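I'd like to ask some things about the structure below.
Going in written order, the chains are labelled A, B, C and D, and every chain counts its residues from 1.
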């Protein structure tokens, strides 16, 4: 039995289990149990994966298993993971786990809530493990759709509008993807039967004209989910309306699908076009880095601030990917992981604070440090991580990206890098602005004094997120070196024709 | 018989009938008349079938048979249509098509 | 000769930081205080041992002090060439800095035991202090520029945390924010400098960068941007980082506000250690500056000179005693920067370098002493503006004496430590640039004047009566004062030119009385003027300030630099960039997306007439479209 | 041609038999237990449906004017299933007082249309096809006007009969020219004579227009919405699934078997129609309030997607289309089942009436949600597979732009499908539809549909089977 299938089976079983629960208590317990198992499985997966690597099993993907699904179309259900995917899976399981505990107090239609949440998670896990682009796309859409219900039903603010906008924009993205995927599929007939299989596609070198035509479809299609300027506008509204756990999952993991897809599908399979067109998207990515950061300065709503900072940080991911050298791409992946963790932490904390103050407007809050120190300190840590403080994951990611990108021989790219670096100052500005207004200063309202500090479940979800941030921050070399190995095939394919 | 009459003439007649029917369908307001215009269209078809058969493929009868069936089916169609028209008349006390546009947009 | 124990210098403070930060609140406050202090004491001892071993046991190898890599581990591998090491580099300046930091920090710890007694968040304070010590030590022993950057950032954040220690005070919060953002902005320059440097030299390592082999800079030959060679750019950008931390003009604005932090913090971070990090950075990179970017050195010397004058002028007008000290710090750091700027490399040429380090050492002693003294005064009178003080000498004898010593030292009175270092600096300036020499000469007088203005206003001047009589601070606070007083008296007799030099080869430095005597004289003049003006309560100062009028106001308002910054940040950045961006995003980018939806809906509303429900119309559409299709497909195609 | 070979017309004959039995039975049943006819007819039809799953040899009758291949048999089974589900869903409706006298008619009419469709599908010449078409259409008008006393129903009937008469006139006119230019009405003979001849193209386009009317492709779709809205719910369901399906099948078969040589003409033609159909259908569906009308436009849009499959013109194309129709039967009928159940119970048919249905009738609204997702092509339900394979088919031809337009249209369609979901799950209403218990036949039908929606997508062997039996231009 392939351990990867467990990552799909466990959530599905969890969903079935939740269906049979009576009330919200049962539902959340069932969800928690399931996701704990999921987390354990993911950890085991990571350990055994690198055990195998250490044992000298080379081969881009491990834990391969393949079963023919639609024979005439040559569509398979084939799974496998490489050094990047395992980390992504671990990230996803951590965030989902934290998300369950962060939404411990959901009572309204709790069963439906957890079911859709875990369906979403299933999509994410499936996406990362699948090697067949058809199943990958299937899981991708499976991940996008529950978002509508989650935001629409359990959201806040203009939730219907935001949910609809988010869903339609992401579906528009997948519309582009369908075209790109079909292009890959049919042009693969050059070498034997048409196939969706990533590994086989990666052996083909597609004609340049075809690459030029399809690369934008694939890159933009995934880029929308990666909040590529100017197609990022679903993100602020969506995140601000979504319930806590959904924002966590969405900003933490789902947006990473975008970056991962850009790298794993668009750039990996169509390298020449990637080399050729990178400059366009590089400009867009640079814009979204700076633009997102500046956009965050002016916002009043905590979630808007984080949505914009996510735009900025995810822009950094795409930016680094487009630099297309080992270091920067390595940085991109680290950034995905680190941003996933810290933005999830942010949204979790915002949710918890909102649960107490019932407002997210920073002008109406202040002095929380005095009343809920645990959450406030956690918030400060998250903030420091996101403005790139050494010892926390953000620094590692950003520095790897900047140094790596600056190694690019082309001046244009180096200038772009310098522009991108300015974001660290702007980030500092808006993070400190929030920390100053929200946590420090005088206690704003009398009733703050009755606020309880973090409950046990809140502590769990916060700690579970902070730990990896600190670990990566302190001891990045293992993660980074494994990623470097995993990136080799991609780099080779990308730089083959240089 | 039709000796001396070139096929084109007949076809012109039939197509004239066809378009008369179509215009009738579009212009007339009385449903019965509309039904009659449809009959015109079908008869234009019949003429075509017969003429093609007669002039081009005289050694077989497919066209003729087709025409016969068309006539028969047209009759059936007409009967059902008239039944429905009567039904409409019962409902609306009118058989003008302008009355039957309750459902739109 | 192994320095394996030096690793503890990093580990112990980090451990105490974690302990106090995570579980400190579980115990009685004093526990965490003691843990922090003892930990610091241990590493102070270690630092002294290391210094002893480095300078006197191992001593010189081949006529110069070697760069010893005590320990080094790979932290992160960026590219095959660029790897970030975390390690310990021992050479004269880093060892000296170890001594300075641990000493002052230890003193401050002891002092804080008394000063912070009963404060809310006592354990938090000590955990932050440990964090700061950890980062600062890590900074000075960095083996490569990137490690330095890492700890540079950590220092910045711990300074942020300590300035904002009283986080319910809005002014403190604002000050901490300002400090962090200004330094962060400077660090951006530092980072870009690192990027440039590492791109062209493909190394972070100080040993390589500052080594004798200049071939690594071959790449940079001929590369220039806006008419300046790329190395000049890199050097200036790196200096920008240093200027931010060391609060050089125009990045000085955060330092006076930083006085919102608890006074021991000001003593430790904003007088003795962190603010000289910039000087240390330049000293550390000195060969790179000297050989690759001499223009940058000139810039540094002028920035230093200007800052020292500018700050001294402001110091003369301030009433908040801590702010006076802050500006004097600026001015003194200006001295050090200038000294580095005018220094040469090797032998007696490098006297400026040596002098700067020397002054740094002394300055740490007496400025820490001054701040701690100020702290104990504030502790006594619960205020830090001069007007509320006067004639305190009776109440606070020890503070008074130590404070006086410190004032004399900074005024450059002979045979006290600063006398020697200042003299060396003036010598270096004189040899290199007469204009700067003149400036510094003037500043020497100003320094003496404002320090004694401060001194007389506090301990003499008008007889204020206090609603509760001030009393001398507890032993925990006075003992550090005395120790530091000893330090600032005798530190001057350390033969720096034998130990800490630009090329780490000793040279003979001799007193240049041609310069020493006038500088002493101008110092004494300053003191004398202060005596006349402030010894007894008098109306003269007001009259003078009146007569100076506008100029005085400008100086008093620190030349309105803060206001300028306010304008830039609030008006330009916020209103002219962030706000439009937000607007653009909401209305243009998002508007487009909504526009697409709107178009769809409207068009669907507009074509509804097609479905009129009218039978003949259906028929017409049917037939017409059939015919049109026929026309298209049977005749056009 | 011995008697045994009539086995090839197995399904048709059985259906005719059922009609006869029902006619006789109706004579001998007293008024008070007419409703027994419902279960009787349903059971008989169910048996017929089952029988048709049995394997059947291929062959032809009447000198090739009736042809039976495995694919036609399968198509007929799809239609049978659709009819069967519709019967199950119309129990409560037929049990009404005013329908008591017309129960037999309902079955007889529907089954006879089905017979017509069956003949149409396995027709080997245009005459047979035309007869089947009319047999499939004329009773449909009567069905649409089934509710004697409802003006809407009457209007639906008259609109259907008149427009369809017009369309069949146009179609025949086209056919007459095809006959004239090819000299035969037998598919087998026509093929060889089809060429690039503008008079023939003229005929062909008229023929396509006539078929497009039945499949309700824009711009020949105008009758659809009105008829769907006016006709009784179950009839609408039948119209939207079964008769549309039959038309699609025969259209595809004729294109592939007869006009295979002029793909250069009909591919751009279908391209245009597909784009127009998807776009216009969606645009109209956006603002519909009445659910039946809504479903009408949605089904129009779906027809546009189906064209993508037909265009491919190969085995892949036919496979995807048949597969999609199979899924479409279950999906659409699930939706109509819920709609009819609710309109039977409350007479409400507007989206706004469905607000917070989930509170009161969670099961029904979940089924509706599933079918909406399946229609929108959202994984993991079957609709996703159906749609994706249609896109694949179009992609195989290299029509990537068309695919892009189609998928963007699918995105738009997602908007209005989600409107229904939003109404049921998200919007709050102070007087939602009261909780009620659906009768068992409806339950069974919905169960079948949900099973289909979930199952067919993953069951690749079904796709495999279809692919094995379907043919294409080669």
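Rule of thumb we're sticking to: a contact is a pair of C-beta atoms (placed from the backbone, for glycine too) under 8 Å apart; a residue touches a chain by one contact, two chains touch by 3 or more.
Treat the numbers as computed from the prediction; the structure is a model and nothing was measured.
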Which of B-C and A-C has more C-beta pairs touching across its chains: A-C
Intercentroid distance (Cα basis), chain C paired with chain B, Å: 97
Centre-to-centre distance between chain C and chain A (centres being mean Cα positions), rounded to whole Å: 37
Distance from the mean Cα position of chain D to that of chain B, given in whole angstrom: 27
Chain centre separation in whole Å, for chain D relative to chain A (CA means): 43
Residue numbers of chain B (touch at least two other chains): 22, 25, 34, 100, 102-104
For chain D, residues that touch 2 or more chains besides their own: 158-159, 162, 166, 170, 225-226
Residues of chain A touching at least two other chains: 168
Chains grouped in pairs wherever the two touch, ordered by label: A-C, A-D, B-C, B-D, C-D
Contacting residues of chain B [partner chain C, same complex]: 22, 25-29, 34, 97-98, 100-105
Touching residues on chain C, where the partner in the complex is chain B: 608, 611-616, 619-620, 623
Chain D-facing residues of chain B, complex: 18, 21-22, 25, 31, 34-35, 38, 41-42, 44-45, 48-49, 52-53, 56-57, 62-63, 65-66, 69-70, 73, 76-77, 80-81, 83-85, 87-88, 91-92, 100, 102-104
Residue numbers on chain D that touch chain B, as the complex places them: 126-127, 130-131, 134, 138-139, 141-142, 145, 148, 151-152, 154-159, 161-162, 165-166, 168-170, 172-173, 175-177, 179-180, 183-186, 225-226, 229-230, 293
Complex contacts: residues of chain D adjacent to chain A: 316, 319, 373, 378-380, 384, 388-389, 391-392, 395-396, 398, 400, 403-404, 407-408, 410-411, 414-415, 418, 421-422, 425-426, 460, 463-464, 467
